[in-house]
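Should a chain be cited, it is by its letter among A, B and C, assigned in written order, with residues numbered from 1 in that chain.
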């Protein structure tokens, strides 16, 4: 058999198998029922040579041929992990309406206790929400109100300002400006309508757990555009994994 | 004859159940209905419907689909149907509907037709149309079946991915989303009418948080330590307002041992050993909505 | 970014993903949070170029780069299937005529309801078939016909194209054109419009064409029937038609 063909079959097999193949397994591929093909069978030496040549050919490529415990396999070079890894990157979840409202109330009315937040929102605030906000380091307990039960008072953090690219809370719109948010940021009109639909009972309905995703709100360019979105990464959740095959 | 022998079968042929009977005695008996019963069963079950059976009968005799001898075909069709009934094969209702249609065409063919013959007047026209329409898709099915396809002819090439450092991404949040959420809260709570909230500078609120969080339980902090020269006059004013507001809301205790002595501040009620945790003493919120 | 590196990342991604990747997906790989990396980002043109170069590099190899419905895929060449197929014990699935006919009708006639498929096939379409087609993700419900009962309309998917190695529906084999009775009775046609003028020759051609088929058909029934299937009708008069519509 033409050596180039042997090499191509070996290459094809390694790439089709999606697992390491031993020299024996590769050799077995050439056991064809057809007698003529059988006589034309490559030697083990040729197969070995093919593996060696492939390894060299892959030298400057995105892939490499590696011998591992159970045989030979083609793998993507580790150098490109940063890019390839994005294939497995999950889409970030979205925060619930309840969480957004809670965060906004804390920002504007801090220091404030949970009970006071609930009073403004008109519905209960789950501990999940405050915990998530604290884990995100946007909110912290700044003290305790001196009333029975000594409830914690929440305030926003430096990280909160950084995330939204604010020098101080003064840069947030005033309530008067908020009231006219539509005219203030005309490009927000559409969102405004969408949002209104969600207020009231529906906002309450999304209450349970901030992990649940809120309706996709694609924001147009605007104030928040400047926020350094993607940089915030919780280092503790980083783990090394061998990705499963994408479905 | 050599050429005939070499006529290649369509590639998809072996996919078809018909292949099962090829080379069987059945194929040796041309244009005759003698077929070994078990082979017949295989054939009959292989028909994908009455149109398929009709096409089989037509092609078997190499007839032109546009000029079907209806009487013959109808007779043969009925023979098959009877056979299927004898063999107690499950006979789809469509086979009988077709039988009725054939009988009707046959009887109309016997009537004299005007000489200015057109398609529409030919009683077979509708049948021919349907047979052709079906046939082209039967052919298309074979064509699709013979396309190179994954698993059978082609295989996805893959290589082991590198070790991936997977980060669990945190949700993104746009400032607008936050502001819009707050606006809706305010609308709901009808807070826009409360002017005192509107006037309150946010920097004071922010400073209140900063002052509070810099206090430790049971530790008095000198009043002056909250004021930083580098913040300038505005900074001093903001801090002062923040502390006044905190005192007003009962969140700070202020102590001065004697007039003009240094003023000290501590968190109100912080004599209670209280962690930084918001859980615990606070009652869980009742009923989520 | 060094072009060689771009090419290696594209190659690595195609191999690591083990499924087709669209140009957009490939492009997204280079969206790194790192600002420096971001500035060094390759252009779409470079990515396209990398795909083209890879395709050429694979020219004499065991693999090939193919554009299919949902993007670009590296696949083992069909030439080596005889050997590569031995890697798997089980035979690839086969599909019944009824299923393939249903699939073909959906592919060429989409969007189409079950009732319309049944009209063409002349027999009921079992729910098994539509379920299998949907489970394989070759077919999906693309809408509902606005008639009583609001029957579902089926269409094919990108996965269908992927599986059958097609870039778009345009690449489907052409569908035979229908003949009408006129072409069989040319002498009865009194109106000589352009189309019909040819019918005389056409009929003659058909006849001679069929004469040769007749010979071929004098084979014992089974063989002749199946072998001749396509030829008899289509031989001379059939014209190629592109599948209508698509996407």
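By our rule, contacts are C-beta pairs under 8 Å (C-beta built on N, C-alpha and C of every residue); 3 or more make two chains touch, one makes a residue touch a chain.
Worth saying up front: this structure is predicted, and the values here are computed from it rather than measured.
With centres taken as mean C-alpha coordinates, the chain found closest to the middle of all protein C-alpha atoms is B.
Looking at B-C alongside A-B, one finds more C-beta pairs in contact between the chains of A-B. Relative to chain C, the most remote chain by averaged C-alpha coordinates is A.
Centroid to centroid, with C-alpha atoms defining each point, chain A and chain C lie 35 Å apart. Rounded to whole angstrom units, the spacing between the C-alpha centres of chain A and chain B is 21.
Chain C has residues 12, 15-19, 63, 74, 76, 84 in contact with two or more other chains. Annotation for chain B: residues touching 2 or more other chains are 155-162.
Those residues of chain C whose C-beta lies close enough to touch chain A in the complex are 4, 7-13, 15-19, 21, 25, 28-33, 37, 60-63, 74, 76-77, 79-80, 82-84, 86-87. Remark: chain A residues 12, 15-16, 18, 63, 73-81, 84-85, 87-95, 97, 100-101, 103-105, 107-111, 113-115, 118, 120-127, 130, 136, 140-146, 149-156, 163-164, 168-170, 172-176, 178-179, 181, 185, 188, 191-192, 195-196, 198-200, 203-205, 207-208, 217, 219, 222-225, 227, 229-230, 232-234, 237-243, 245 touch chain B in the complex.
The touching residues of chain C, when paired with chain B in their complex, are 12, 14-19, 63, 73-76, 78, 81, 84, 92-98, 100-101, 103-105, 107-108, 120-124, 162-166, 172-173, 175-185, 188, 210, 213-230, 232-234.
Interface residues of chain B facing chain A in the complex, by the touch rule stated above, are 155-189, 191-192, 197-198, 201-203, 205-206, 208-210, 212-213, 215, 250-251, 267-270, 272, 274, 276-279, 281-289.
Residue ranges on chain B touching chain C, taken from their complex, read 3-4, 7, 9-10, 13, 15-18, 21-24, 26-31, 46, 48-52, 56, 59-60, 62, 64-67, 92, 94, 98, 117-119, 122, 125, 128-130, 132-145, 147-162.
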